[in-house]
């Protein structure tokens, strides 16, 4: 007989745009909200009895209703309100996870805006019946590049190693970062801005001997500059730029012309913690 | 002072195609291989000293070298060999994860093939210095649809519920599944085929009152039919098909014409375990 | 003063699924329909007066209404009916283009289906008030590979040429083809199947000295085998497979292990016509 | 006997990054270059004789060699030089088309940059043996939104029309634009900047009764403000934002909370010409 293990369900990618016409210029929040609920959901799996299942359609409706009621708020505020609502409203639901992707827009007129670019701000809130609310902030698709101040040498070698040492390479990455808050009550906008600036600042300032070194510098800087945070997880693809060999054509290439490669790519993942970081509970679940 | 936590690094998405010209018709394996290594990698993070860092470029070379040496093998065989190589070859590396996506091709001539479709076979091998080898098989982008034998009613309701009961709906999903082997030595091709058929068979045969019920039936069927497996994890998006209201045009729509929606979508995730499933160790890490 | 030139408008990507429950097993058609209308649309551009503008929302409704009324038909039939409707129904509209992408499904039970794969069947119908109906069939994302019987040598060389001659290479492509019908009344399903088989057959059978040669063989074969057609346009990316150099590791690589590259790729485009092909009119507009 | 019609071939998506270390801060150009050549290419199609075929691999090499030789130039300059090179260098090639996508980066340190966002600057140069050089500038994925000053009413109605008039809607689009230069010698950077600002300015300033009206205003403004241009082609998807009905929950929704829809979408395409625009020749081929 098979045993039902961990499970959850919800509505993913509810696209909700809120316009605040009270501000000058008009402001919008542009969110992609995903809800996932866990709890006593055995019966729907085993027999198809759905009396404990709040429809994902209802979850979608709830996102829109809360977006109207709360107004143009930071994504953390919406996520916290939704996660608590689902857990507090239903005895069968013991944990809710709400993820919000937030897309940036820049005002270009009293009621006009332009999308700010590819970077996405991310929020994940887990509200647990027992342990309360957990908040992760973050971002992804922040693409950074240093044209120099990056070396890579002295690495381990084996019979499959052909890579040469380099004392001057391009270093580029598309940052995906998540950071854990110590608190569920914070100046969310300011914290996001500070963490983002810390990531960028550390990438720019680090004379790097490995992307791992840059990763640790970035995580450490975030923790140093945003005391509300206790943990950072970073995923950094090494977006390789290979110097093109132009010698067959009698041309020099003094760190000038590069091939930007797609695949394969290095992938560096790491976690940086404050010394006094409390346990993460279900934050990353 | 910040603490370095969990970390790993590797080369992602090495695209390797192996042609077996000894078979008639010619056969190919078409893999996308990602390697990730963990161990004593503190120094590269803290100071940029790389003497414990086997370059990701070397990992890429190793994938190609092993692909040649092993020949046209099942993806599990390549992944096991690679994962063990990286751990056994270097004292600083204590755990390796190798993921292989495998794309299917069908022979259409003595040396001609056509891509079989969107479905992808997946393999993840974790080899740990202490606990040995762990193998996960799986697939994704297997898109299934039942035109009937699906109901959804009797669900929980709250003030945001507007969904009506239905006793006849379309049920469609794009299956993402991973299953854990009890063993690191198996007829991998046969096991994959049996697990895939079990997933499909259970989806087809289940008169479904919820996608959760189908999920549990699918996981249970896999475990019942493939004794080498002890655990299945399933991620099933509910690809909604909404009946279009044609009454404004005076036309009937008796479960005939549907709008296939993109977003939002329901998302059902669950784990099914054999009663005697051993602990998973680092298999899912 | 600026002049308004060519213009058109419509609703793109209407996703409509039709279920035919009268057949055993149940069949579905799974279409993505795009409508584009042209005619006397000056006023909406110049002053915003919309009295000649049938809303794109109405076009969407029309797609669903026609899908129900026509039943489970070939995509050409739906596209022809829609294109004629929009032109015949409104004096301001003089030309309609309707494009249908059709996704394949395979029955796996009396009311169950599985998506057949990545290949997409395409239809474009242009109905013009003056010149009548024009039909293009086609497909895309049909990925073919020959492991041998492909050479490339004797090519032009200049100071930037480093490529070596080869008398044995992999040849792979993802076929995008469109073919023009001589008629607007045809056994559409049979013609599609024949044209598709001709493309595949010619790719398989051609001992190829260039992808251009394969392209011409494919186009010619389609015209030879499907007399209802008078023109074929093909877009063939050369999906490069580069032999990996394993000599640094002391390993052979006798046309065995390849790197499947993403970018850049060769791109071969060509048109093949029947000798007696009538003019194309607005078919490709 | 089948006839070979129009044909061309080339290397697509050559990713080339040029670093200018002479400037402070360091600047980069980040291009995706595609080359396509046409001329007397019959033999490679008919018999596989390749003596008139300059390999696409050579074309790739040429892109890198020219990128080094020209230095950090505007994309139009690189495209013109490449297109002329291929036509002037080979009697068999009578026309070359070179397309360049250019990705923006912003300096954030003396040798550090951040990707500016999703918007892409586009260049297409056609150099024809007989008619000389033709230059198209442009951009795509510039996403704009007006929260108000958009109405849509008074439109044509038929039996499938259910849309209600609206005097206040969100208007959002992702601009894809191409403009034709009168000249092959120009301050390319300034012209691009002026055209881009004209597009944005016209979108922002137009009180819009239809997206077609905005399109014409945008095209006209570009021509009025950039005298080097004679033609603009615009493709504007109508990125629908639907007001969510919150009345089932007893909540108001006074143009506040919207569902951002994916598919289907309106698609508005149009061309705006200067009164004295010269013929376009092969510019758009």
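Residue numbering begins at 1 within each chain, and the chains themselves are lettered A, B, C and D in the order written.
The definition used in the following text is that contacts are C-beta pairs under 8 Å (C-beta built on N, C-alpha and C of every residue); 3 or more make two chains touch, one makes a residue touch a chain.
Keep in mind the model is a prediction, meaning the values are calculated, not measured.
When every chain is reduced to the mean of its CA atoms, the largest separation from chain C belongs to A.
Taking C-D and B-C together, the chain pair joined by more C-beta contacts is C-D. Averaged Cα coordinates give chain B a centre that lies 38 Å from the centre of chain D. Mean C-alpha position of chain C lies 23 Å from that of chain D. One simple way to say how far apart two chains are is to compare their mean CA positions; for chain B and chain C this gives 31 Å.
Among the residues of chain D, those in touch with two or more other chains are 15, 61, 65, 160, 162, 248-249, 262-263. Chain B contributes residues 159-160, 162, 248-249, 262-263 to its touches with chain D in the complex.
Those residues of chain A lying in contact with chain D across their complex are 15-19, 21, 26, 28, 30, 61, 64-65, 67-69, 105, 108-109, 111-119, 142-149, 170, 200, 203-205, 241, 244, 246, 248-249, 251-253, 255-262.
Residue ranges on chain C touching chain D, taken from their complex, read 1-15, 34, 36, 41, 44-58, 60-62, 65, 89-90, 92, 152-158, 160-163, 208-213, 215-216, 219-220, 223-224, 231, 237-238, 263-275, 277.
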